[in-house]
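As written, the chains take the letters A, B, C and D, and residue 1 is the first residue of each chain.
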């Protein structure tokens, strides 16, 4: 894809100004209260499923910034004569990367020197983001999740690094599962990334390594037209490498900078895919609850699917 | 309360062995799938509300272990010629304490040298907990939340440090709100702690300071009889100081060690109380999604109430 | 002091260009090899003394960013059948502030949009400093230390916050101690800050609080004329508050931005003062060994005085 | 080596009780004041050299726990109208491992359930070490350093992983360099580890990987007889793998648990070796200044050699 084709695509799906010049919520604006009620109405079997990976404290080629988890108080202390005793711990972690399930704030990505809605880069400094931080989603992202399970569609265990998914694939997955992504929906996108990780071990998912399976940039048109509100992939959505002139991670640029779409990253969709298969339905209630980190560019999350 | 009276209370509400010798879920066992569906059916107005405080990076008398939030990559870099640009950050935080909204794993509290279900202290070491870690709640805690709003009942802005709430108070709050805590319910308990914090500034909520408003130990009988599954207070549930011979934090001992109850800590219930008042209903769907920290004794959380 | 008087002072003591346009060492250039040998010749009694405070993990009004110290492995593990066993820990700490003994890199302070030697602010970004980082002092700062002990001169336990020290005071301290600050010397400057801390407990040493005892800006002329190479104070050198129009922390601006002087901060000089008194000599060998943190703006240090 | 031969060796070099039942300093007791003066007298050319590696923030097979270095304040802020401006950063790091130059406290290693001097394991808990912490060396380790440069002796760039050095090698290195390790000396031991790292890139220095070059356990007899006070190796002293029945890291057990020897770890000795070669002398003054971390099991350090 040439750079000018990409620019055209960027404009085509762009939501700048759509919800006013000061909007910080982007496509989350698509979620109307009635959609939340409708999503809750999908809860019939009373099962809830994590869409998060375990937090990873081991460094590897795919986890160069491992989380630190330290016990800060153990049962070896006798702090006072009084019962009870307590233990405590500490967690430190980079909020992004390819190893931890997290959620991106809209301030996380800029394109051509601008953030979503045309905000300048200077709204983010070493003390954090003044606008479009992760705290914008403080009240949680609640809605109907629709899983499009591409490995299921293709009859494979997972997509290989570098494989990409087209609009046609997404539409076929919809047909095959009997669902249709619609206004306000949360698009749960499975490539089988985490299954591959478990079976083959870590690899470098970046341009420096084998890469990742993901979406083709043109699929953003579908997401835009359907008014999808949020995106929960098991990779980060991007296909790596993707041949767009002068643009690495085009999906990030399109989703976050242009569309203002609330995006998860590095989820674990094996469990939810299994439950969908078992219940033969690929729609469910989703609740994502980012930590309330003011000024934060993202947050570790454990998104929950409820059936 | 004498120590032997406390021991008697500990035995009376004890759930050890109730769900088998290897049970790690405690009162979460009360949440049957149909309760989750019923909780979802409460979602009628499509509003979701955070029950978490903002993460607090400023040390104070009430926040001796402030979180660290560092920008790790800013828009001052030009990592490659290629678009887009990214920013990233890092969060480090103690998983317990009195300043951050968090959730306790059952391994967090021991009494008389035993954890819930009689597990030995040696199941927790400097590498974390082998049983009853926070990952037990990986799939989220989903159910009906019932807010008992004591300041509302008493016509005050908040309870003062050291004030305690009795079974009778809880029953009166139920009557006043037209709700009743029942099997599998998530008990959301408001003392107005966070409002006091916002209006008066930080204080030392511990035995070393002014203390905290909370429950009287005997209220645990009600929670036990009603088969409450989880507890979400705006303090930590305990009244400090509480006069139990040889026992500080008796509520922690009773809830976590004896009953095996899933407990939040240091929530922010001002927003949810306002919405309850507005909608004139004090029941709602609750989703708590602890981070998947294997071996962890707790997790920062942002519990979501959905109306 | 008016702003223009300050600007004049800034120019008067300015070393920009003195050691070439690419110099990153500033006044450390004054330390000639023979000065190091001469400093070593002062070692006659074979006593070494720490000039560092203990690392402080407790937050207080004077320590808003406490260090974190976590045991990461304890003797409760049995990692293998093989002997021996190991324990390990983790230290995390802000490299500056008023609570931890540390050393400043020259990139730490800018004045009027310029770093020492006229380098632009853009040489420091969210990945660290490209020039004048703490690694410039990788080989250590070694030289003759001269302690000017002002509380001793004034016959007090410590200087009170806000008290300042003039050129005349310094000269009198020299006379009283029989020493003279000269070329390449490391100026060890005691106000008794740490003794006050130990006896009275923490206070806010900043403009927001009671302040700090320190130097008067005009003392920089003496340091400049004498060709002092480095500065080791028990506060941070600055008097807070100091009445310079439009300039807070004028000493930092003068020492680091204008003179390019290697500066310690928040040392503990009680032990070294006691040894000086005992030996009746206020000169000794000094070794400061900042950690080799590439891109770092400072480092925790434990400067050693050797007699 | 059989286990009983090792036990015999452990007893042979054992210093328990030698300096009293409460001694926490071990072989540092060998450094008499006159040795410090004599070490200082070696300073003739006025050159100081770092024996530390740069702090390593990149994870690799040899650095599974990378340091974190975060800018916490940048020049993008305008905190007040007043000059000057400041930048600041944060360093977090594991105090041990194979990637960072650090110093071990005597509490770091136990053998057969005992620490040096027979202290029980219970003196170390999740709040740190009550005895023999790194703060014991608060006043620095100052003395005569003697570099035995084994690659120089053997005419190679470095020793290969798994290669070990015998007493005879040490004695030959002494002869070849014209030095002799004596009472109170700091033994600087070069295998060329860091040069190999720079030329070949990271490898796994552990039993799980290729291993490390180091000493043969029997060399401890020489160190014991010569009354060496401290040890500064570029690996960690141990040869990995080393065939001692039931004992991994026998050097750690012998040096730290049995002898109570102050040990550095993972130093960078390329620079100091170059200077020794240039000056044709392999003895120099050494100053190691561990951070004053109370309860700490070790500290990052930047040991300085002064010629």
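The rule is simple: a contact is a pair of C-beta atoms (placed from the backbone, for glycine too) under 8 Å apart; a residue touches a chain by one contact, two chains touch by 3 or more.
Nothing here was measured: the structure is a model prediction, and the numbers come from that model.
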item: Touching chain A and also chain B, the following chains; value: C, D
item: Proportion of interface numbers common to chain A and chain C (over half same, under half different); value: same
item: Repeated interface matching A-D, over half of the contact pairs identical, chosen among B-C, A-B or C-D; value: B-C
item: Mean-CA-position distance for chain D and chain C (Å); value: 27
item: Centre-to-centre distance between chain D and chain B (centres being mean Cα positions), rounded to whole Å; value: 46
item: Whole-Å gap separating chain B and chain C, where each centre is the average of the chain's CA atoms; value: 45
item: Residues of chain A engaged with two or more neighbouring chains; value: 68, 71-72, 74, 76, 90, 92, 122, 125-127
item: Touch-based graph of the chains, sorted into line, ring, star, complete or other; value: complete
item: Footprint of chain B on chain A - complex, ascending; value: 32-37, 39-50, 52-55, 68-69, 71-72, 74-75, 80-97, 101, 107-112, 121-122, 124-129, 135, 138-140, 142, 246-249, 252-253, 256-257, 285, 287-304, 306
item: Residue numbers on chain A that touch chain C, as the complex places them; value: 68, 70-72, 74, 76, 90, 92, 126
item: Chain B partner contacts - residues on chain C that touch it in the complex; value: 58-60, 63-66, 68, 71-74, 76-77, 92, 122, 125-127
